[in-house]
Every structure is written in structure tokens, then in C-alpha cells.
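Pasting a structure below so you can have a look.
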Amino acid sequence: MRIDLNSDLGESFGPWPMGQDAALMESITSANIACGFHAGDPTVMRQTLELAKDRAVAVGAHPGFPDLVGFGRREMKASPAEVEDFVLYQISALAGMAATQWVSLQHVKAHGALYNMACKDRALADAIARATAAFDKGLILFGLPNSELLRAGEAAGLRVAAEVFADRAYERDGSLVSRSKPGSVIHDRQAVVDRAVRMVKQKEVVTIDGATITLQADTICLHGDTPGAADLARAVRRGLEDAGIQIAALKG
Amino acid sequence: MRIDLNSDLGESFGPWPMGQDAALMESITSANIACGFHAGDPTVMRQTLELAKDRAVAVGAHPGFPDLVGFGRREMKASPAEVEDFVLYQISALAGMAATQWVSLQHVKAHGALYNMACKDRALADAIARATAAFDKGLILFGLPNSELLRAGEAAGLRVAAEVFADRAYERDGSLVSRSKPGSVIHDRQAVVDRAVRMVKQKEVVTIDGATITLQADTICLHGDTPGAADLARAVRRGLEDAGIQIAALKG
Amino acid sequence: MRIDLNSDLGESFGPWPMGQDAALMESITSANIACGFHAGDPTVMRQTLELAKDRAVAVGAHPGFPDLVGFGRREMKASPAEVEDFVLYQISALAGMAATQWVSLQHVKAHGALYNMACKDRALADAIARATAAFDKGLILFGLPNSELLRAGEAAGLRVAAEVFADRAYERDGSLVSRSKPGSVIHDRQAVVDRAVRMVKQKEVVTIDGATITLQADTICLHGDTPGAADLARAVRRGLEDAGIQIAALKG
Amino acid sequence: MRIDLNSDLGESFGPWPMGQDAALMESITSANIACGFHAGDPTVMRQTLELAKDRAVAVGAHPGFPDLVGFGRREMKASPAEVEDFVLYQISALAGMAATQWVSLQHVKAHGALYNMACKDRALADAIARATAAFDKGLILFGLPNSELLRAGEAAGLRVAAEVFADRAYERDGSLVSRSKPGSVIHDRQAVVDRAVRMVKQKEVVTIDGATITLQADTICLHGDTPGAADLARAVRRGLEDAGIQIAALKG
């Protein structure tokens, strides 16, 4: 029984720091590194790659919409062809920088609005999967369980990883409760740890309205941009280990 | 006796076209493709790579300063470390996109102000050479004959290519006459063709003040953004061929 | 009987020219000038303002989404508050530059996807109207006839102008036929001229399926980025004048 | 005897916060607000203007180079004409947003590399002064004492303000000791307060090598981006007040 722990890192930009990358690296096994479109710049990318290598954390590309001021969180009606081109560009940029440090990318996780849109829109999902597979058939594509993104990845011949969120509430259909609704984020640390353990051990989660649903969990996302993020990550990791679960990167 | 003919291509951006890429590709053997910082975007890059592959033209990265509105033509005091990072990012982005079309990069030619500064400033030249060599020791680094850029490339263990301009006037020290001076650009087509032939055959050029100087010429740059550029390129190519010179990419 | 003729101008950016601004200025009475977000830069803006002043063409702000590579043509889910802020920023930037040439803005016309979205979405329309009215209650807000944009403008106490397109086909509900459908753009010059005259004189247009509908027309948009755009503009202007219609800016 | 206290504010961007604007506003009398080129975005600008209005702090434009990732700190060889255009654009954008809150700009202070270059380069200084005067002859132009920027402002008919730094060491010629040298920044709070008082009362400062030089001081810059910045600002203000000096905006 094993699980991967991932986090979005390298989201500083120029003079603006973001997140607690070094502290989070102590708990996670996979880092999703921003590639300069929604966050990150070449120098931040290099530094984040060095940090990940130093901590033996697997790295993946975290491509986003070309929307710096909106942090890639705003939906954009880019065509699938445009998405394929700019996702490939971003994967390539990070992978080339990683290669100079003798590091290969493990995975690709789309960011923000691009991720959310592609989980539901097969044409966008296919565009991301095509870019990923064209770059390297050995890359693992991240997506929500049962999403179009995972289906597109499989159709493109890629290994896929179902991503779950231990600190987010779920609807009965397996989707995340919108952040605009009360109770969408779980703040109680022990509750988050317990949910993480149950997600991995029983492959199930209790929804916001009390039902129990099954959920495939290959990797758990730990947020890095909230106060106490590093502490929560440590607690989740320890809780999982205490439950006898091995914490390891997907290609560990 | 052989020579490479190169041109800066892929400098369209979003809705704005630039240059006559398809027409130039008929005459040149090496394309320097913009990488999204001073010009080019992921879609333009893919299209330019496809065009180059179709015409069997060798491709290289053409990294520039992050200055879209200034087209990378304005000097910026970026540190050598910053330059190394963003040149590596740009090479990586283009190389990854090229690889999905089974194309490998042949060379790296810095753009505009970055090129001109690095020809004179060893620290910048070293930064570009380090990024290039870190990515792939097999890449050829372009620079002005006898420049710091070529010396830095050699010191980094790279093969280098001395680049000359058949339609630009030269000073006695081998530098280009500033564009702000009269006579800096040679408009007479036959004169340009004759200079090109002499540069390759005799490795010499007549300076603006009538002296004859020697000049190493591994590749001739043909401008792509002027009216009649494609015609001039054709004329130079034919003139060289008529003089018995083989036109071939550096890794032809 | 009079009509305003408007065109989107100042859409060059840095080294990339676009359109035939000087030629179009001979035929139009109102120029919508890009403000640096989807196109235009401070130097292009100043030059376009100078040109408009020289030709006695009224000027308006043409604010768009912050999406240079997509030319503001891609829908973005920006919040109404964000839209209000960046529309105000763009109006302010242009108005301040105009004021140094003793020119006041006449109107505001949103660009591309922002315009199309705001014609249907009242929250976005209100955001644009609020920014416009906050800057200057005397500005005229452009929008499609019967659109949310016009209603929002009126609600904000602004004078509004209904904009029609003589070279675009219309649906029965008064909306434009999507560019993806055949017949959406009318290429026959005389047909365009005849439609323009009928729109102004009878306030009606024949739809793509042959029905006749009424349509309020305060200003006719002439495209500036197509081959023959300047010729078409001249023909439309002459046709209108020959029909006894006065061509004048809205605040003429 | 009176002095203005200024600080660079509104330097957050999109998702990235910077500085302690609200805390600093308690101590300063003039806020230099970033205008979207080196930092700031339309939403940040509006919020900063609201904050300044609420605290009755005078506002000025803080225009910088178009270099977000470099935070406007890298020298760029933009032409005086380009600088004039983009400075005017930035002043206009902020002034228009301020006007909707019934606030007029008090001053213009160039940012970072643009400020430093213009203090020494008369052509750049003239470009900034021209843009400022063209927008509003009543604006006050900030610059180092005895700099080209102040001379250009006076030549353009503007009121100027000599800016000093209480926490920076000075050379004998009145220039700031380069940050790369030891001792360039003074960290002892009482020393900073004492220097501020002496600058205002005696119009003199002790240089890094122990000499006493005279220095015109119309406004003291308080840094906002360092830990303890708000505390230091409070201490300087209190020290000045205790010495009987009135703290007031330049147009107070």
C-alpha cells in the first residue's frame, strides 16, 4: 500500500516570493513546477529544480494558461491547438532545464483553470495528453479521478495518476465542492489526516452530505500556499506512515 | 569550399505576422527560430519548425531578451546568471518542440541586443555558452568573427561558427558599421552577391573606408524582414553556387 | 440624416505593424484606439492619436482583455471587478495621452471577446459602463443594438451608440452570424454599400435567411485589417454621401 | 521647518503581495504608486489609491521600465522618445484611476533603474520631465539632490523635490554608496533617525568616510519592502516630530 504526495511549487515570480517550497519538500514526493506562464520564471524554475533534486523529490511540469496577473486561475477560451502548443512549450522548457541537472520529468499536471476545464472538456484534455505524449510517452498525466483528463491520457497511451485532495470536501459525484460554498475546505488537521488515510486504505471518502463514495487515489495534493501548509503536509505524511502506508513518488 | 546561409525566422507573434519565412526557407540552410521572449509564440514556433523540417533547413534557437515590445533590440543589464537561466529556458522550449517532430537543434544564435552585447562582454558570452553546453555539447554557437561569444563557446567545448553579413559595411577592426551611419547597409544586389562570394572564397572583405581585411566566415546571415529579402537571398545563393561554392548547413 | 463611421485602429505593437490606419482615417469619423492590453503600446498610441488629431477624427478608447498573444479575442472569465479596474486603467491611459495633445475622448468601445461577452452578460456590461461613467459621464458607450452593453450604459447615465456592421450577415434576432458559418461576411462591395445606406435610411437590414428586421444604427464599423479595407471604407462613405446622408462623428 | 516622507507602494502584482502598505501609510505623507509596468496591476492600483485616500496620504505616479520579472531594476537602453511615451502612459493610467476617487496626483517619482539612469542622463531626465509637464504642469518631480532629473524638471517649468535616504550611506559627491559595498545600508534605527533629523535641520549628512556634506532634502524616502520597515518609518516620523519638524506632504 503506497501513495504519492504532490504539491504545486516554484510559483514565485521575479521579485515576488510565494509558498514555502523548501519546507514542503521535506514531506512530499512529487513537485509540480510552474513553467513561466501563470507563475515561475527561468531563475525560479532552476532554483526549484535544484531544491527538488537535493531533496530527492520527483519533478513534473505544471503548465498553465498565459495569464500571469490572473495566476492561471481564470478560464480562457483557448483552442485545443493553442493549448497543445503552449503546454508542449512549457513541458519542454522545464524538461530541458531539468536535464541539465540530470533530472528527468516524472509527470505533467495542468494548473488552475486549465486543469479544471480539461477535467471536464475532452478536447482540451486530448490537447494536453497529445502534448505530453508527444514530448515523452513515459510521462505520467495527473487528473481528477474519473475525469476526461485521465481518459484522454489513457487514450494517448500514457500512464495516468488520479489525484485527490485530503483537505477539500467532495460532492456525491466525486467532484470537489466549489470553494464558494461553506465547508468546501477542511481546516481540522486531524480530520484531514484521517481522510487521507481512508482515501488510500479504503479508496473512499465521506462526501459533504454524509455519503461514502469510492475514489481512486494515486497521489494526494498538498497545498503549499496557505499558512501552516508545511505543518499540515508533515502531519499528513506522518499519519499515512503511521497507518503503514509507504510514501513514494509514482516512479519511486 | 562551402558555406551555411542563415536567417532569423519565426518572428511573428500572435496576430502579427513578420517576415517571409516560407520564401526565405528556399534559399537558406539554417533557420534561427525565435523562442517567445523577443518574438515568436508556441504556435508560431511549431509552425516554423514544421516549415523548416519540410524544407530540410537546419534549425537553431534564437534566444533574446525578455522584451517583446522592444523586440529584444534594447540593451538590458541582466546579470550573467539571469541570462544563463533564460537562454537555457528558451533553448529548451524550442528543442522540446522540435524533438516532437524528430528534429534536433543544430545551433544557438543569440538575438539582437543580447548577441551584440555578448560579442563584446565575456561574462555574458560565458553565460550563453554555459547554457548552450549544459543543454547539449553538440550544439554550434554562432557569433561575430573574433568575438567574445566565439571565444566563450570554444572555452565551453562547443563548436562555433563565425557569422558574417554580406549586406553590411565593416569597419577596419572587423566590427559592423553602426546602422546610424550612412553606408552601413549595402543595397546594391550585385555588390552584396560579390561580397558574399569574396567572403567565402578569399575570407576577406573591403571595409567602408576601402581597406581589405580578413574575416572568418562559417555562415552568412540573410535578413528576412526587409522588402525584397527573399529575392536577395535567392541572388546570394545563386551567386555563391555559380562561384562553385557548396551551400550546406553546418551539420549538413 | 447622419451617421458615424468607426474603425479599430492603433493595433500595431512594438515591431509589428497592423492595419492601414492612415488610409482609413480618410474615410472614418471615429477611431477606436487600442490601449496596450490586446494591442497597441504607448508609442503606437501616441502616433495614432497624432494621426487622428491631424485628420480631425474623433477618438475613443478600445479596451480589451489582457491577452496580447490572443489579441483579446479569447473569452476570459475575469470578474466584473477585475474588468472594471482594467477598463478604467486603459481608458485613463489613452485619455491622459490624448489630453497632452488637447484631445478629449469621445467614446469607449470594448474590444473583441470583451465586447462580445459584455453585449450578452449584464454584469460585465455594468462593469464597463461603471468604469466609463466613473472616468467621464460625457463619454459615449458603443454596443450592439439592443445589447446588455447599451442597456448598462443607459443605466449608468451614459449616452450610448448602437453599432452595426455593413459587411456582416445578421440573424433574425439581430445578432451577427457567426464567422464560422458560410456567408457570415459579405465581400461584394456594392452589396456592402447598399446595406449601409439601408441601415441608415430605413433602419433595417435583410437577414441571412431573407427576412427584413429593424436595427438601430448610430455608427457603422469599418474593418481595418482586411486587404482592400481602405477602398471599402471609401466606397461606403461615398455611397452614404451620395444617398444624402451626412457623415459625422457622434459629437461632431 | 517641515519635511515630506515618501514610500514606494502598490508593488503587489496579481496573486503576489509585496510590502506593508497599510502600516506604512500611517507614517508617510506621500505614496509613490507603481503603475503596472514594473509592478502593480489595475486592481492593486485602485486598492492602493483607496488606501491612500483613506489615510489622507498624497499620491504620485511611480513609473518604471516595462520589466516585470526584473522589477524595473535592470537598466534598459530605451530611447528618450520611448521613455517619454511610456512614462506618460503610466502617469495617465494612475491619474485617471485616482480622478474617479476625486484624488489628484501630487508628484512623479521614476522607479528603480529608470530613476537612477535619469538622475545622471539628461536626455532621459528631459524625457521624464516632458511627459510629466505635458500631463500636468502642477506635478512635482522627484529626484536625487543636484541630479539631472531635478535640473530637467526645473527646465520644464516643474516644481521639483530633492529626495534623500536616511538609511543609506552617502559618498562625498552626494551620491549614494552602491549597495554592493559594505556599510551602504544603515541598520541601526537610532542612527537612521538621527541622520533624518540632521538632514532636515542642518541640511547635511556625514559621508561613509566621515566627511560632512550639505544636501538639499525636500522629501525622505522610507523603504517599504524590508522587515521592520513599518517600525522604522514610525521611528523616523516620531524622531522628526520630537525635533520639532513638521511632517507634511509637499502640497500639504
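So that you can tell them apart, the chains are marked A, B, C and D in the order they are listed, and the count of residues begins at 1 in each.
What we mean here is this: a residue touches a chain if its C-beta (ideal position, glycine included) is under 8 Å from a C-beta of that chain, and two chains touch if they have at least 3 such contacts.
What you see is a predicted model, and the numbers here were worked out from it, not measured in a lab.
Visitor: Determine the set of chains touching subunit C that also touch subunit D.
Guide: Chains in contact with subunit C as well as subunit D: A, B.
Visitor: Please decide if copies subunit A and subunit B contact each other with the same set of residue positions, more than half shared, or with different positions, and reply same or different.
Guide: Counting which numbers both chains contribute, over half are shared, so the two copies meet through the same residues.
Visitor: In angstrom, rounded to a whole number, how far apart do the mean CA points of subunit B and subunit C lie?
Guide: Here subunit B and subunit C have centroids separated by 42 Å.
Visitor: From the C-alpha centre of subunit B to that of subunit D, how far is it in Å?
Guide: Each chain reduced to its C-alpha mean, subunit B and subunit D end up 42 Å apart.
Visitor: Going through subunit A residue by residue, note those that touch at least 2 other chains and give them in order.
Guide: Counting only residues that touch two or more other chains, subunit A contributes 41, 69-70, 82.
Visitor: Show which residues of subunit B lie in contact with subunit D when the two form their complex.
Guide: Interface residues on the subunit B side: 66-67, 69-70, 74-78, 82, 113.
Visitor: In their complex, what parts of subunit D are in touch with subunit A?
Guide: Residues of subunit D touching subunit A: 12-18, 39, 41, 68-71, 73.
Visitor: What part of subunit D is in contact with subunit C in the complex they form?
Guide: Contacts found on subunit D: 36, 41-43, 45-46, 81-82, 85-86, 88-97, 99-100, 134-135.
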